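These are the structures, in C-alpha cells.
Each of the next two complexes has subunit A plus one other chain: subunit B in the first, subunit C in the second.
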Partner chain A sequence: MEQKKKKTSSAKTLQTAREAGNFGKRILASARLAAEEGKPVAWSMVDWWLGGTIAKAIGIELCYPENYGAFCAAVRKAEPFLDYAENDGVPNTTCGYARNGIGYTRRLKENNFIIPEDAPGGGMPKPLFLLGCGAVCDARYKWFQSMGRYMDVPVWTLEFPQTGVAEFFMPGYKEENIKFMVRELRSFVEFLEKLTGRKMDWDNLSERLDTTFKTHELAHKVDLLRKSVPSPAVNTDFWAIMIPHLYLPDDKEALAFYQRVYEEVKYKVDNKIGAIPNEKYRMAFAELPPWHTLGIFDEFAAKHGIAFAIESWNYHAPSPLPESEREGVNDPLELIARYSFHKFNEYTPTAQLNCMDPTIFTAPYLKWVEDYRIDGLFCHPLLSCRPATYTLMHLRNLLMEKCKVPSVVVEGDIVDLRVFNEEEAHVKIEAFIETMDHYREIRKKEGFEW
Partner chain B sequence: MNELKGLARAAQIYLDPQQRARELKAEGKKIAGYLCCYPPVEIMTALGYVPIRILGDMNEPITEADAYLPTVMCAFYRSILDVAMKGRYDFLDAFIGAHACDGAERVSYIWRSYLKSPCSFYLDVPHSNHAAAIDFFKVQLNYLKDELEKTSGCNFSQEALREAVKLYNKQRSLVRSLYKLNRQDPPLVSGSEMLQVMVSIMCIPAEEGNSLLEEVIEEVSNRSAGPGQKKGRILIWGSLIDNIAMTKLIEDCGLNIVIDDTAIGTRSFWVDVDETSDPFEGLAVRYLDKIVCPRTFRDTKGTRSEDLDNRFKYLKIMAKEWNVNGVYFNIIRNCDIHGYEIPEVRDYFEDIGIPVLVIEQDYSTTALEPLRTRFQAFAENIG
Partner chain C sequence: MFYQAGLDIGSFMSKSVIIEGEKVLSYSILPSSGKFKNAAITVLNNALEKANLTFSDLKIIGATGLGASFIPYPYVESSEVSCQSRGIKFLFPSVNIVIEVGDQSTRVIKVTDKGKVADCVINDRCAAGSGRILQIIAKVLRINLEEMGALSVKSNNPVRFSTGCSVFAETEAISRIAEGARKEDIIAGLHQAMAIKIYSMIQKIKMEEVCAITGGGAKDIGLVKTIERVIKKELLVPEEPLISGAIGAALIAVEKSGILV
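Let's look at the complex of A and B:
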C-alpha cells in the first residue's frame, strides 16, 4: 500500500510569509559573524522590546534561544538537546525551549565553545552575557540563570511588573510601574556600559525606537485587516511573519518587509480574496503552536473550511502608543517602558468590564472573538509551557459565559512532538464543527453580532 | 478544648488549621488570607486583620480545580484553588494574592475572578532585589495598606505597624530558637512536629503563636524522648511541605529532618524586619531582599563559584551548623522556580561532600507510598 508522507510544515498562504524564514536564519548568521569578528554577542529572551533594542544600540548582536528552540522543534532536531538537559537533572516538565537551550549550551561547553558541526541552523555562538526577562514566565529568567552554569557569563534580568486588573486603575499605580521600569532600564544601560566598556549611543537608540514603532504599526494594521471576512491571512502566516516584528522590529529591512506584508494583505482584503479557498468557520488559537506539526492547520482548512483568523496574543505587536502617552516624553528609556507596559495592559479595560483577571493571555480574546467574528477557540495546552497554559481553562469558561463561543482542547507541546496526537486532533475538530454550528445559532438567538 | 498546650495544641490546630480563624471571625474579627511568604503579615495585623496563610490539602483529591486550571501546573496551587472553590476559605474578609511565582500569580488572578471577598489585593512582587525593585515593592506595600484600610474598620497608624513588626520579629526569633534545638544529636523536635508548629503559627494570631512557640520550646527542651537518633540527619530544600504525611514517611524511612529551607519552614521566619523609621522600608527590604527564595533573582557576582556562594552560602551554613549528612530536594512537580535550580544546588552540596536525593512529587498523600523505597535507599546510603 502506498504510504502518504505526512507534511509537517505549513504551506502558508501569503507570499511574504514564505519569505519570512530568512529573518530567523539571518539572526543566527549575524550573531555568528559578529562572534567571528570579535564583536559582542548576547543571548536574549523575548522581552517585548524592553532590553533588546537597548543592547543593540550599544553595539551588541543578539540571538534568541527561545526562537532557536522553536527552530530546532520545527526541523525536528530538538529531542537530543531535551534529553541532554534532562540528563543533567533539569526536570522534563520544564519549558521545552529551555531544555533545548540548556542541552545545546551543555554541548557547546563540552565542545570548548566551538559550535558543534551538526547544530541545527548553524547554531548560536557563545555569548558575552545572558539577557533574561521577568515578563510572562519564570522560565524567562530562571532558565537563563541556570544556563549561566555552563558558561560562566553574567545574567541580567529585566524587570517587568505584572499588574492586577483592579490595581491597574488605582490612583498613581500605572505611573509607579513606569517609573520602576525606567529606573531598571537605566541600571541595565549601566550594566552594559560597564560590561562592554562602550558608551550608550542614544541617537542610535532613538532611531531604532522610531523604526520599531513604524514596523509595529504596520504589523498592527495587518492585524486589523485580518478582521475582514474572508480572512486574508491565517495563523500559519502569522507565525512566520511575526519573526521580524518580534525580534528585529528596529531593523530597516523588517520595516520594508512589513510594508510588503501590509500591501499583500490589503490587496487580498480589497479584492475579497480569502486565505483559504472556502472559509466556513473562523477560529482563534490559544496560545503557542505545535511548531513540529504546523501542516495540520492546512489540513483543517482543506477539510472543514476553518480559517484561523487570530491567534497567540503574546506574539502580536500592540496598537500604537497613544499620543497622550508620548507627549513630552523625550527619554527613549521611558518611551520603551511605556510601550512595553502598554503591550501588556492595553486590554485591561476589557478585563475590568468583564470583572475578571488577568489581562495577559485572557482579556484580549474576549475582545477578539467579537472583532474577528470567531466561531470557536482552539486551546493548545502545552506539556512544558505552563505560563501560556495556566489560563486556558479560565479563558474557555469566560468565552462561553460571556460570548457563547465554544472551545476545543487539543493537548500538545511547542517542542516535544511525542505528546501531540494528530489523529486525535482531527477527531476532535470533526466533532467540534457541530458545536460551532450550534453556538452560532445560540449567539444569533441571544442577539450577538456574529 | 483549648486546655491543650505545646506540641499537643499544635497537633490539634494542624488538624483543622482554619478553625481558630473561623472562631475569631464569629467573635467579630476580620480575617485576611494570603498566598506564599511575600505579603507582609505585619500590615494586615496593624490594620486589625488576623492573617492566615492559605494552604492546600494533600488529602483532598483535586476535582473542582480541573475546570479552572490545567493539570500541568504546580499541584500545590491547584489544590489551593480546589479547596477554595469547595468553600474552605469562604469566610475570608480579605484575599491577598501575590506574584511569588507563575503558579501563585495565575492562581491569584483566577481566584479573584470567581471568589469575591470584601477586600482583595494582588501584590506584585518584583523579580529581583535591585534598589529600584525594593522601592517599587515599598510602593506596592503602601497600596496594600490602602486597600486593606478601606475595609478594616480602623485607621492605619505607623505606631501599630511598628508594634506588629516587633511582634513578628519576636515570633521569628522564637522559631529560630526552636530550630536551634535540633542542632544536637539526636534532635529534640521531629520534622513532623516542627511542621505542625509552623502550620499552626501561620494560622492563628501572632500573640497566640508566640505563646504556643514558648510552650513548645519549654516542652521539648525538657523532653527525654524526642524523635531519637536515626540513620541520617537531613536538610530539606525546595518546594514547600504542608502535610505531615510527607515528613512522617521520610522519618519512617530512618531519617531525621533537622532543618529545612522551605516556605512553610525556615524560609518564612529566618530573618527579621529591621525597625526602620519608615516601617515600610524595613518591610520591603526584608520581604524582597532578605527572604532567600530562588524566585528572587540576584545579580551575577564575580566568578561562577562566587556567584553560587552569593546565592546558596546560607545553605552551606545551615548544613554545617545542623550537622547534616544528606539533603532531600523536595520538588513539587511543575515547580519551575525550584526545578531550574536543581543541577546547581545539587552540585553545590555535592561539592562539599553532602549527597542529595531529588524527588519530584505530586502533592498528594495517595501518591506518596512509591517514594518510600527511595527514602529508604537514601537513608542506607548516608547512614
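Let's look at the complex of A and C:
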C-alpha cells in the first residue's frame, strides 16, 4: 500500500499568510544583492528595540539569524548546522537558533566567506557587523559574540533595562529608563556612523518610524479581531504573517501587506468565517513554536477542532503608543525608547493586579485567556531555551489558580527536530480534550464568562 | 441484550472485554507479538467465545492502543488516557488518581467524578519509568517477568540505581550482578527508582485521596508495594489490571455513539 506522505509544514488558513513567506525570501535576497553591490550588510536580532530600523536608516541592509534558523528548521535543513556547531564544542542545550547560526557561520568562514551552494534559502552573506540585543534572552549575548569571533567582525549589543513589577511602579522609574535607553541608542548611532563613514539620515529614520507605527497598529488590530468566535486566523497564520511586522515594519510593502491581512481577517470576522471549519476548542500557545513541525497544528484542528486563537507573546506587536507619549517628542530615538519601553511593560498593570512576576511571558496570557476565551494552554518547553521555558510552570499554575484554564506540556525545540516527539504530542492532546471539557464545566460553575 | 466489546491493542499485549450493562462478561489477553491485526481478531474471538457470543451479537466495538488502527472491524477509537480513566472509574468508583504502568509509557491520570481526564502526566520519552525497563532487567537477570514481584519483596538491601535511563540501568544491573549483588536486591532497587519517578509525576498533578494502579506494572507486587511505600498510600489494584483500558474503550464507544443502552 502506498504511504501518503505526511506534510510537515502548515497549510495556513489565510491567503495573506500563504504569501508572507515571500518577505523572508526577500530579506535574504536583498542582503545578498547588497553584498554583491558592495553595500553594508549586517546580521541583526529580532527588532524589539528598533535597532534594525536605525541601521536601515543609515543605509545598512539586514538579515536575521533567528529568522534564518526558523527557516532552516521549517525546510528541515537545520540539523547539519546544529551538528556542525556541536562538533565545534557548542553544547546541544544551547539555543537552537544559536546553534544553527553558529554552524552556518562556521561553514561560511571555512568556505572563505563564499555562501555555501547548498545553504537553505540562498544563505546569508558575510556581515559588516552584528547587532545583538539582550531582550528576554541571555544566550543572545554569547551567540552573537561567538559569531563575531568566527568572522572577526564587531558586535554591538543594544542593552535596555528589564526589571521587576515592583520596580516598574517606583517613582521616576520610567523617565530614568527612557533617558538611559536614549543614551544607548545615541551611542549606537555613533558606532554606525564611525563604522560606515556615513551620517545618520534622521528624516529617513522618522519616516521609517512612522511606517513602523502604522504597520504595528494594523498588526495589533488583527490581534484584536482574533478575539472573535470562531477564530478568523490561527497560530500558523500568525507565525507566517509576523515576518513582515517583526523584521520589516518600516517597509512600505509590509504596511500594504498588513492592510490586506487586516481586510482579509475583518471580512472573515464580519461573515463569521472560522479559520478552521469546526471550531470546538480555543487554545493558546506558549511560547516559541516547533518550526520544523507546524503541520501538526493542522492535524490538531482537523482531528479535534482545536483553533489556536492566540500565541507567543513576544512576537506580537504592542498596542499603539498612547498619544500622550508621542506629544512633543521630536527626537526619533526618544520615540523608539518610549515605544520599546511600552512593548515590554504594557502588561505590568495586569501583573500587578495578579501579584505576580515576571511580566513578560506570563502576564499577557492572564489577560488573553479571558479576552480570547481560551479553553487550554499548549506549553512548549524547550530544553535549549531557559527564558521561554522557566516561566511556563509558573504560567500553568497561574492560569489554573486564577482562571481554571488547564494546560498540556509537550517538550521540543524551535529548531532541533531531534528532540521533538510528534506522537507524544498527539497522545497528550487527545487526552487533553477531556481535560478541557472538564474545566469548561468548572469555569461555568464558578461563574467565569467562558 | 446490548453487548459491547472493548479492545486495547497494545505494543506488548492485546486485550479484549465483552460488557453487558454494568457487567464484564468475559475478557481475553494475549501477546501482540508485533502482529496487531491477528492479535485483535484472536483476542476478540477468544473473549466472544468465553461469553458464548458471536461477532454478530456485538452492537458496538470500542478500541484503543498503539495497534488499534489494525483492527479490521468498524470501531470507535478513543485515546488510551481516556480509556484508562473511564475503565478504572468503572472498576473503582471512588478513585481520584490512576497510575498506569504500561509497556511504552507510564501515565498518572487525575480522574473526575464521571471518569473523565481532569489532568494527566505522561512519561513516554523515557523507558526508565515504564514497563519496558522491567522487561529489560528481567532479561538481564534471566528470570520471567512474573517472578520479579515476589523476588523484590524478599529484598532487604535494595541496590541504588544512580541513573534515570533504561539503557544505563541495564548496564548498571549487569555491573551489580558482576559485583555479586542478589537478584532480589537489584529488582528492589529498580522498583525503588521507578517508584520515585512515578511519585514525582503524581506530585505534578497533586496527590488525591484514592489512588489506583493499573497496566502491566500493577501485576508486579514488588513495584506496587514499593510505590505504596514511597507515596505513603495504599493503592487499589484491579483483579486483572491489563483490561482497564479495554473496558474504558467499550464504555466510551457507547457514549460517543449516543446509543441509549
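By our rule, the second predicted complex is superposed on the first by the 447 of 450 C-alpha atoms of A that agree within 3 Å, B and C clash if a C-alpha of one lies under 4 Å from a C-alpha of the other, contacts with A are read in each partner's own complex, and residues count from 1 in each chain.
Going forward, a contact is a pair of C-beta atoms (placed from the backbone, for glycine too) under 8 Å apart; a residue touches a chain by one contact, two chains touch by 3 or more.
Predicted model only: the values in this text are computed from it and were never measured.
Touch criterion not met for A:224: it reaches neither subunit B nor subunit C. Shared-chain residue A:406: touches subunit C; no touch with subunit B. After overlaying the two complexes on the shared chain, residue contacts for A:11 are found with neither subunit B nor subunit C. When the two structures are aligned on the shared chain, A:424 is found in touch with subunit C, with no touch to subunit B. Applying the stated contact rule after C-alpha superposition, one finds that A:434 touches subunit C and leaves subunit B untouched. When the two complexes are overlaid on their common chain A, residue A:75 makes contact with neither subunit B nor subunit C. Judged by the number of subunit A residues each one touches, B leads among subunit B and subunit C.
Of the two partner chains, subunit B is the only one touched by A:390; subunit C is not. Subunit A contributes residues 88-91, 93-95, 98, 132, 134, 137-139, 141-143, 145-146, 148-149, 152-157, 159-164, 166-167, 170, 173, 176-177, 179-180, 183-184, 187, 355-358, 381-384, 386-387, 389-394, 397-398 to its touches with subunit B in the complex. In the complex of the two chains, the subunit C residues touching subunit A come out as 79-82, 85, 109, 112, 116-120, 122, 124-125. Against subunit A, in their complex, subunit B makes its touches with residues 66-70, 72-73, 97, 99, 101-103, 105-106, 108-110, 112-113, 120-122, 124, 126-128, 130-133, 135-136, 139, 143, 146-147, 294-295, 297, 299-300, 303-304, 307, 331, 333-334, 336-337, 339-344, 346, 358, 360. On the subunit A side of its complex with subunit C, the touching residues are 406, 411, 421, 424, 427-428, 430-435, 437-439.
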